[in-house]
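Reviewing the structure listed below.
Chain naming follows the written order as A, B, C, D, E and F, and within any one chain the residues start at number 1.
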Amino acid sequence: MASSPSALDKEQIFGMAEKEMEYRVELFNKMTQTCFKKCVDNRYKESELNMGENSCIDRCVSKYWHVTNLIGQLLGSGRPPM
Amino acid sequence: MASSPSALDKEQIFGMAEKEMEYRVELFNKMTQTCFKKCVDNRYKESELNMGENSCIDRCVSKYWHVTNLIGQLLGSGRPPM
Amino acid sequence: MASSPSALDKEQIFGMAEKEMEYRVELFNKMTQTCFKKCVDNRYKESELNMGENSCIDRCVSKYWHVTNLIGQLLGSGRPPM
Amino acid sequence: MDKSMLADLDSLPEADKQRMTVMIDQLQIRDSLRMYNSLVERCFSDCVDTFKHKSLQKQEETCVRRCAEKFLKHSMRVGMRFAELNQGAATQD
Amino acid sequence: MDKSMLADLDSLPEADKQRMTVMIDQLQIRDSLRMYNSLVERCFSDCVDTFKHKSLQKQEETCVRRCAEKFLKHSMRVGMRFAELNQGAATQD
Amino acid sequence: MDKSMLADLDSLPEADKQRMTVMIDQLQIRDSLRMYNSLVERCFSDCVDTFKHKSLQKQEETCVRRCAEKFLKHSMRVGMRFAELNQGAATQD
């Protein structure tokens, strides 16, 4: 009974992995939405991203990443809080 | 072992059906929220929808539907992308 | 077969409990987000909540609670609609 | 949420049909609870803007009632129009 | 998220109690991860508005720190007030 | 969504690996359906503002097409930059 993980333990491990993946997908989606709003002109005069938009996007992603790490530190670790 | 679907295959089929239904519910909810914002006066001077609001709602739903199909085509099929 | 609940019945009971808990968490989160927007100055000149913000938060929570109950009644019961 | 939006169960074996029905019921419960939450949030955000009192003021309460009623009527209308469009699309196939 | 918000487990048989506990733990993990994500989004949106540099500027960092601290204090206060209201409602029943 | 974002499966036993793969596939399906929904909502909200007609007007359609194309290009670019940052962080560990 003690040596191999119980069905419930396994449920917990898979559940944790699933929540962690959901979290990363959500992080990516929020970053994408937020940087689109901040960087891309919503009048859509053309279908290409212009140079200004492209460099804004790169910097936005970089800054978003820094904010994620900064808040992770404030919450007590480099990782998301449990 | 090969003829009937395994437990895992079944999980997958049910999972797909569930995701597809979640998708349709979310589509409906987003459309409802968006058309409410676009068509209904948020000062709420009465509890009935007036004629202008009603016809705006009908057209909003119709246009939302067209945009859904248009973007579905752009993404490579009439159906949502997998 | 009739006396103890079937696996499917159990699934349903646990599913219901889960949905109800998700609902309460979502209610709490929406209230937190909404009252933050309504009460807290988003220029963040300091990291403490000031007196005005604190009393605004208390009243905001109280009013949010009343609106929740009021809409619950309108929808036909004191509880969320099923 | 309308059951017709979801799935055609007739072609499934009995056990799967039952499981699918449970799944649909669960989605409907979750959907109506979410709808309730977003209705509260919308009507609160649109109707309550001053925080000098702890309790809801008369005109705020009136506003919330109208907001909720309007939203429900709106939601039903959207459902009807949406069903018609789905119907049309289904018969075109 | 406060455990008291969720469910009263005492009346359940042992196996169900365990399963319910796992479910509540999972919901709490998901909730704190979502809270983390929306905190990042809110503080980023409110504090970062210029994109001339790749790295966070000093005053942006200060703003993000204050934003996060304020939000956490706010969230705790909301939790306390909400618990009181739930308590009051429970004893009235 | 990029598979590399998710999990390292090599260390798992075969049965768990399979189950994990199914889970990841399910998350990817849900993610692309949600992306589709939010793309529709964003482009509709930004491009459609008058409701004098039932059908999409020419300039609205053009706007929606550009919006969707821009968003997809944007999303790919964000994915690339994000992967680089994750890579960098991983090698620093």
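The rule is short, and it goes like this: a residue touches a chain if its C-beta (ideal position, glycine included) is under 8 Å from a C-beta of that chain, and two chains touch if they have at least 3 such contacts.
Quick caveat, the model's predicted, so the values are computed rather than measured.
Chemist: Specify the chain most distant from chain A by Cα centroid.
Modeler: When every chain centre is compared against chain A, the largest gap points to D.
Chemist: What whole-number Å value describes the gap between the mean CA coordinates of chain A and chain E?
Modeler: Here chain A and chain E have centroids separated by 17 Å.
Chemist: Using mean C-alpha positions as chain centres, tell me how far chain D is from chain F in Å, no decimals.
Modeler: 26
Chemist: Among all residues of chain F, which ones touch two or more of the remaining chains?
Modeler: 19, 34, 38, 47, 65, 69
Chemist: Give me the residue numbers in chain B that touch at least two other chains, ranges are fine.
Modeler: 20, 22, 39, 58, 62
Chemist: Connecting every touching chain pair, does the picture come out as line, ring, star, complete or other?
Modeler: ring
Chemist: Please trace the ring of touching chains beginning with chain A, moving first to chain F, and write out the chain order.
Modeler: Cycle of chains, anchored at chain A and oriented toward chain F: A, F, B, D, C, E.
Chemist: Name, in rising order, each residue of chain B that touches chain F in their complex.
Modeler: 8, 11-12, 15-16, 19-20, 22-23, 26-27, 30, 34, 38-39, 55-56, 58-60, 62-64, 66-68, 70-72, 74-75, 80-82
Chemist: Within their complex, state which residues of chain F touch chain A.
Modeler: 1, 5-7, 19-20, 23-24, 27, 31, 34-35, 38, 42, 46-47, 63, 65-67, 69-71, 73-75, 77-79, 81-82, 85
Chemist: Give the list of chain D residues in touch with chain C in this complex.
Modeler: Touch residues, chain D against chain C: 18-19, 22, 25-26, 29-30, 32-34, 36-41, 43-45, 47-49, 51-56, 60-61, 64-65, 68-69.
Chemist: Which bits of chain B are touching chain D when the two form their complex?
Modeler: Result: residues 14, 17-18, 20-22, 24-25, 28-29, 31-33, 35-36, 39-40, 42, 44-49, 53-54, 57-58, 61-62, 65 of chain B touch chain D.
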